[in-house]
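There are structures below to look over.
Note that chain A is present in both complexes that follow, paired respectively with chain B and with chain C.
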Partner chain A sequence: MIEIKNLQKVYDVKRRQSFFHMTREKVVAVKDISMRIDKGQIVGLLGINGAGKTTTIKMLTTLIEPTNGTYSFDGIDAIANPDLVKRQINMIAGGERMIYWRLTAYENLWYYGQLYGIDNTLLKKRIEKLLQIVGLEDKADLPVETYSKGMKQRLQIARGLINDPKYIFLDEPTIGLDAVVTQDLHKEIRSLAKDQGKGILLTSHYLSEVEELCDYIYLVNKGELVIEGTKKELTDYVFARNRYVFSVRGMDKKIVCRLRDNLRMIDPESEVLFEDGSCTIISKAELSSAIAEFALKEKLVINELHKQEPSLEQAVIKLSKNLERKDTQIA
Partner chain B sequence: MDLKVMWATMKKEFQIRLRAYPIDFMVGCILTSFYTTLGAYLMYHYFFRQNLASDFADLTGTSDYMSYAIVGSLLYLFVVRTCLNVSRRLITELREGTLESLMLAPFKRTSYFVGNMLLQTVMTFLETAIATVIGLFFGLRIHDFCLWKFVIATILSLYGFFGLSLILGCVMIYARDTYISQNTLFAAIFLVCGITFPKEYLPYSLQFLGNIIPVTDGLTLMRAAILGGMPSDRFCIIALRFFVLGSVYVISGLPLMKRLEIIALEKMEG
Partner chain C sequence: MKYFIKVVLAESYKQHRNYFNNKMIYVSLFLWPLLSFLASYYSYKAFDLEESAISYINSGNILVFLLIGYMAMSFFRSVVQSAWRFSSERQSGTLEYIYLSPASRLAVLMGNALSSVFESSVVMLVFGILMIFYNRESLHANVVGLVVVMPIYVIMALLWGVFINACFLYSRDTDFLFTILEEPMEIFSGVKVPVMIFPGWAKLLSCIFPLTYALEALRQVTLNNSDLGTIKITVLISILIIVVLLAATLITIHIVEKHVRKTGNIILF
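So, the complex of A and B:
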């Protein structure tokens, strides 16, 4: 298990005031983040407004040292023992970085395997297996510069798995990829966590991707943790009220008025909005059965009745707006 | 030292160069030595009219100026090529987007840099051999070749150049610049380390600068090994001094480079 507590990163930044004059200032990239990643779990790290996601990942991968806080990696103090951690983790970033373009796929994997000190016989087998998994076995001897974006990304995944890591950090892994490649990659990520028991931390700008893959989500803003939980916990927290979509044959304003009166007897604060022949009902109360009973009593033919689950994207957008509003008020 | 990483780095670099650089890059490097030698030849024959200062032989141990200058230009070629390659390694990794993946791996940095240095040494030996043949046409004469002195001079020179490369690499990665830093250093080496004239002709402050760059003593040792004119005990004293100076560069360069790796990774945040 990976566990970080109150992790902080402060950069000492030089700012040029004029050609000869520079000033130094402290920039807090990560103010206070605590999180946990279990084996076999896919954890999402979402950020709004320059949240410090990449800095957090770099601290977790021991590429940079935190200014404050603790980092425990399977019970080891990761800050004091970065080399022990490095053997058991890897990172896969989006874009076309992290691989040598002038080398072939096989040469890339071989070189990284040597850096991890993997035995040559084992390495040969692992390279063959990884190339097969990412579907590059036929192109293994071509220089990477001749690859498409998707192929480079697939090679990156193979590189990220070369040391058979226990934990994998995925930083925007599907950026710029087409839908088919993205889908394949999602399948692979899920399999790494669920079938092979690897702990995965995923950051992505695509909220639908996080929603689809992640078991648990951390939302950070300006270097601080705003909220954490499962997708349902997050949306429930942001959208404290239930939304129902309801429509019947021949729906008109009179039916809507009767429905409103009916529902307000259960929840006086409930709202019934009528638009395009369909109603959206917003209420803190659980109203599914009350709406169905109303339709039955009025002998209405129901076209549509369902509880609308808000998406993670809607929740993050709403939360982001709330935070912006809060910042403006403080300012 | 992790030999596996060292060998893998040599192999990787060789493969990259084989695909990345055309043959004219190598020709260009040999031409640098050719132009330096040509410049010295023209100055010596048409400007000085083969007249050397009376103290030249006392200071250098030889009265053969062309051989003195050609050995200097060959070693200059060597230092430029090795320094250029090793010092630019990390900044090249940074620019090509492979620094992070490299730093994620738990390997010893020394093996990585030594691997780069060794590959460059092998390649530069080849270039220097060609440049030496060209030098023969300009008047290079091997007066008093001593094998053991040559071996010591070569090993210590590689050690000193390696240390110098590390420090230059640190400057490059900190300033995120390659051209200004490398060209300033190479110009300084050319002017104060005794490439084509004895550094003793320079003001004391520049002589001091020459003494603390781990090229000057290497050049003195190499000339002593090829052209002679230096007693063995003096050779050993300079060799020892050169080893200490090289060690200062290596010992301070390696941890400094590790620190600067972190700064480079932090700077990637913007």
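So, the complex of A and C:
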């Protein structure tokens, strides 16, 4: 089990004012993150750009040292003993870099295998198996530069498994891949956790990915945990609210105001947002019939009225905004 | 230890495949030293070497004198180039994965230096050896001295390379070392002109380049029939330099790792 508590990373950044003058400033990349990853579990780390996901992964992989906080790795103090941790983890990041383009897939895997000091006969077997898993066995002897993006990405996955890690950190592994390749990869990731019992931490921009794969989700913003829970818990928490899209012919502010007053009688906390000639209504209560009745009463011609499926994406944006609002209020 | 050697060999092989997969590169790495060597050789032709201040240089062996200079230099210089190439791994993101592994950093740097030292200078070495063989009558070699001295300087060149590699890892801003080390090394180590005739300030500068000692010892044993006793000071200094280089490298690797873990600059470029 991996457990981090109140992990923090503050970078000292030099900013050049002029040729002779530099000022130092502190950049808080991660303010306070605590999380837990169990074996056989896929944990998701969600957040918008700059939220501190990559920084968190780098701390977990011991590539960077936290400014504060504790990190226990199967009972080992990982901050003091990065070398013990390194053997048992690996990281896979999205994108095409991080492999040697002039080397073949086989040579790449062989090289990384040597870095882990893996016995040569074992390594050979493992490479063959991995190449087969990621479907590159036919291309194993071609230089990587001749591969497509998806193939390079699959090679990354194989590389990340070369030392048979107990925990795998995936930093946006499917970035830039098409739906089919992504699906294959998802299957692979799931099987790593469920069949092989590996602990996986996955960061992603694609919320559907996290929704689909993760057993437990942490949502971060500006280096802080906003919310955590199982997918179900998060969905419940956020979407105890219902969300409706509603528009009528000749919709204007007056109609929206009347609608708002009307709905507030049912749910005083309901929100009615007017944008581009259509309304978005957010409420804890079930409002579809009330909205329809309102339209009928006002003799409005309904263009659109439907309930939106809850999605994690909206939750991220909404929760992040809430937090920001809190921040600015404090400041 | 087995693990260490595995990493050294893997790294050499990788560098070989990554940078030397085109045969032309061997020729191009040889062309510049060759031209420089020819230029120096023909400049010497203009002077009367019999009157030279250096006892062991004469018009007969100036060719060998220069060849030894250029061969040793290509050895020492290639490692600086290898360091420069290695820093490109920062950009390709592969350096981060090396740091992610538990592999000995020293082994990785050694593998890199090993591959580049031999591959960048192999053509120059072959050329030099052939030329020297052709001019073997101008040699005045002490075989025992040569056998002892050669490995010392191969090790020294390797460690010099490893050390410079380690410095390059510190940050991308250490690229300036490249400019500082390349040309001055050629000038002040006495590749073309013996250090002995340098003015005092230049002699002082030459002291800081390990290549200076390598050249002195190698030329003494090949051209002047010096035995180990005669050059013992140079050899002792060289061994001292090797020890210092090794220590400095280990310390640098340690500092780099700390620095990188603090600033996260392993992927910045």
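Quick note on the criterion: the second predicted complex is superposed on the first by the 251 of 331 C-alpha atoms of A that agree within 3 Å, B and C clash if a C-alpha of one lies under 4 Å from a C-alpha of the other, contacts with A are read in each partner's own complex, and residues count from 1 in each chain.
Please note the rule applied: a contact is a pair of C-beta atoms (placed from the backbone, for glycine too) under 8 Å apart; a residue touches a chain by one contact, two chains touch by 3 or more.
Remember, predicted model here, so these are calculated numbers, not experimental data.
The superposition on chain A brings chain B into a clash with chain C. Once the two complexes are overlaid on the shared chain, A:102 sits against chain B and chain C alike. Using the contact criterion defined above for the overlaid structures, shared-chain residue A:112 touches chain B and also reaches chain C. In the superposed pair of complexes, A:91 makes contact with chain B and with chain C alike.
Once chain A of one complex is fitted onto chain A of the other, the partner contacts of A:64 extend to both chain B and chain C. Within the superposed three-chain model, A:175 lies out of touch with both chain B and chain C [touch as defined at top]. The intersection of chain A residues touching chain B with those touching chain C, taken from the two complexes, comprises 11, 55, 58, 61, 63-65, 82-83, 86-87, 90-91, 93, 95, 97-100, 102-103, 107, 110-112, 114-117, 159, 163.
Listing the residues of chain C that touch chain A in their complex gives 2-3, 6-7, 9-11, 13-14, 17-18, 21, 92-94, 96-103, 108, 260-264, 266. Chain A meets chain C in the complex at residues 11-12, 55, 58, 61-65, 82-83, 86-87, 90-91, 93, 95, 97-100, 102-103, 107, 110-112, 114-117, 159, 163. For chain B in complex with chain A, the touching residues are 2, 4-5, 7-9, 11-12, 15-16, 19-20, 96-98, 100-107, 262, 265-266, 269. Listed in rising order, the residues of chain A touching chain B in the complex are 11, 29, 54-55, 58, 61, 63-65, 82-84, 86-87, 89-91, 93, 95-103, 107, 110-112, 114-117, 143, 159, 163.
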